[in-house]
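Note that the chains are named A, B, C, D, E and F in the order they appear, and that numbering of residues resets to 1 at the start of each chain.
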């Protein structure tokens, strides 16, 4: 089954629900591996937080570019693989941002512009699927007061909503192609 | 990557080489999961025999319909899965044969017509791919003297080479669809 | 541990609970891989539905032949394997039905008689076990109004409760033998 | 398939061949998971050495109690699991030796009596099976000159060949039961 | 990441919560694979019981030495592996107890002194981690009336709290070294 | 076991041997997961080629910066994981090169400077370990005539051997930290 990218034209709040298994199927009838993108705020319900180190933190932003990835190809699902794919997604995004003259530093799954946090990300699994969320601040409004944050629009005046959607599409397509190219490489490899 | 079926229009002897990993890539530049079919004799070199219980047997036939399946989707490759898929392939073939009024009995991976052996099959793995061979006697010539064998043409006078190719194509397509439908079912399933 | 078959002589409603992990252990003290069969109605509680595409459907029937399979052999449990085994179970049942002159068409995990739906089936997993439910209509009563259904008794006048129990026993035994024969085949296979 | 123990009444040299996959099937027609024991010398051919750190060492002894274990239950085979089982086998043997008043120290997979090496052991895998070899010196003759070794007969005067066979049988049976009891425990466990 | 041992100097009741995933992280900010020990009572809430065969039993003791192990190295987590490690932990403990002149019999994951039960243990998994609990009676008080129990202090008059803590530390260190030595052995092994 | 980086100060030809399992152990007594780097030519023996699509190609260069990675953490080894890690290594290298004002384009596992090929890479597995080779042209001499190639020294005049070693060290350290950070993230993640 080919992995699908779909951009949602709705102002959906990221409350932590989209990282639940089969969210794309339940909400948008998208079956199989997929990457769903949209622009919207983030305010996560405390009981939806996936990172045990974040449970007492406020995780919020008024406007973010969101990516939700779900993979069904590895059975049983593998959290280690999920985090490798998350890193690859973040690295591709960093690459795409450089095309917009936005230069980031990556530490693990976080992107920074001049030490100000640009993104949030997490991966998780069920026994049958791997999920990744990646969110990038579009504006600096509504981010936590105790964290220095940066945003796409603050770092490139030319970035409007249309260009952000293009960034998300380019990133999603490259990510899908990357996973596909790995499958091709597997099939050409002599093993011992 | 979509699984591919290709029928070879050449009279290729099955000598045990086609079950080796990446045979379809090395010989026919077919990359990724595939099912390759052809009509030809079978005479396996002793050192190519996969079944440890068969190493002292003659495995041969003058004319067989051959299927070679290779799967790269499960990493690492899993011999248990390979044998489950082999069973599904044999069961689909049995079903297709009934459309040609050829009624078989299946025991494990063997098909019989009135207790005469119609087919041979084996599965194996490397760390990265799963392979299945399935061969069906087309004529009774050239089969081992100490085994009672049956064949497609002996059991249905109307079966010519064209209809055997159709049988192989129908079986291959249904097999590919079956594996595909399993992937779809995985993606619709709530787990605990 | 040998896989066990047990037929329950009780009119148990399939409400979705039996597909939960360790149901056979909790309710009937049957430990290890097993296939449990019984005859009874089906009316699934909405929150017990496993198929995300069925959550808004009525899934019901007044009298069904039920199979519940649980496997603990693959650790961690693998939903892809669970669906391969489900297919094998359905294919064996289709074969057994032909012995009762009931001729079915199979599409994925569904059996049809002349395009009328005979069966329902689903597979699922926990991290430690694989589960399959398969239910076959015995009578046509109580099935959903918006689906054309068929049933065992409507297609063979001679099928009484005793013969349906025999059908379930034969199917269960062949399924257990199939899984066992795969384990034997694994142990005879030369790998690369 | 139940795991089998078989004791060979032949003076077989351990040359490194028995740890190869399917050795029990090829040589003794024993199919499936098994533990094979015998008493014989050990002189390993250099190209059969499994431990990369031992390739320049002499590994030899004139009389050893040998255990060869093969497991087919985990697919694909897992070297980490193989070494866990090896440790369990060595620990059970240590326990059994204490019943013969032979008190050992275990370090990893080695047993020592007063810092003199009593045993050798290694595990390995193919894609489809896990193998373990464990050998215990019966006499001190023929062991390498540069290693201080100990032996069963040197530490208990009452140990004759008959009692050594009993030791091997008891150890093998307890090992088989241990693996079996783990399968039972898996099936009784609530998971999260 | 190196596996960590930490002894808690608090009289914590084992109510079944510590076997939940990431308990060490949530309660003690210990991230990664770890073994946590403490001395305290045990009274498990009924809905926290992991062993389906124990759900109607009282599981309690006034004073126990507790071990909670969590492993993140195998992804996805594997209940079979968890039970192999549990056995290894119990075997190491039995060995350490013999240094204190306490001689036990082990049956599966239970230790007995003269047929009186000394310990309780269970393993479980989530998709991402493996957990083991092992508890040893320090005193006989507060154990269930219908089970004959034994305890450390009843079998060795010299065992005080300090020596029990030493026992827990020695056992934990040996367990960590054991797992580490298996990783080293994996890396020295020629495979087929 | 902590993953190790070692730079070899010898002019070693990459002939295809270093990608074989346990090469670092056999040649340099480095046990466990490692990344070995050196500067030297590349001329691969035809029978050592891992990429089935390259078997008829000349793969050579007079001076390359070589990385050989081996991982033992995933058991059984997983070729899909190996290729994900290869991609991460190549992406980190691309990032490090930008610090030297060398701007690359990445396509799968290849780096290009203005459409001229800078690097070669492959991954492979045995049942117990994952291996990656990555080589970067230092000079353009000795590369195949039918491929347009680029090199480090041709694109940055300031790059001498010392700075190339620094590039290799920085890349290796960041890679090791990346894999380590993924292990940390696994341990902080709530799963479903």
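One rule holds in what follows: a residue touches a chain if its C-beta (ideal position, glycine included) is under 8 Å from a C-beta of that chain, and two chains touch if they have at least 3 such contacts.
Note that this is a predicted model, so its numbers are computed, not measured.
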(message) Under the document's definition of touching, what chains do subunit A and subunit F have as common neighbours?
(response) B, E
(request) If every step must land on a chain the current one touches, say how few steps get you from subunit B to subunit E. (result) 2
(message) Please report the smallest number of touch steps linking subunit C to subunit F.
(response) 2
(message) With touch defined as above, tell me whether subunit C and subunit D contact each other through largely the same residue numbers, more than half shared, or through different ones.
(response) same
(message) So subunit A and subunit E are the same sequence; what rotation in degrees superposes their CA atoms, nearest 5?
(response) 120
(request) If we define chain centres by averaging CA atoms, which chain lands farthest from subunit E? Would you check? (result) B
(request) Can you spot which option in A-E, C-D or D-E is basically A-F again, with over half of the contact pairs the same by residue number? (result) D-E
(request) Could you put a whole-Å number on the gap between the CA centroids of subunit A and subunit B? (result) 42
(message) On a C-alpha centroid basis, what's the spacing between subunit B and subunit D, in Å?
(response) 39
(message) Counting only Cα atoms for the centres, state how far subunit B is from subunit C in Å.
(response) 27
(request) Name the residues of subunit A that each touch 2 or more other chains. (result) 21-22, 25, 31, 52-53, 74-76, 79-81, 125-128, 183, 186, 188-192
(message) According to the definition already given, which pairs of chains are in contact?
(response) A-B, A-C, A-E, A-F, B-C, B-D, B-F, C-D, C-E, D-E, D-F, E-F
(request) Mind listing the subunit E positions that touch subunit C in their complex? (result) 52-53, 55, 76-81, 125-127
(request) Using the touch rule from the top, collect the residues of subunit D that touch subunit B in their complex. (result) 22, 25-26, 31, 75-76, 127-128
(message) Under the definition above, what is the set of subunit E residues touching subunit D in their complex?
(response) 20-21, 49-53, 74, 79-81, 83-85, 87-88, 91, 95, 106, 108-109, 122-126, 178, 181-183, 185-186, 188-192
(message) Per the contact definition, I'd like the list of subunit D residues that touch subunit C in the complex.
(response) 1-2, 21-22, 25, 31-33, 72-75, 126-129, 180, 183-184, 186-192
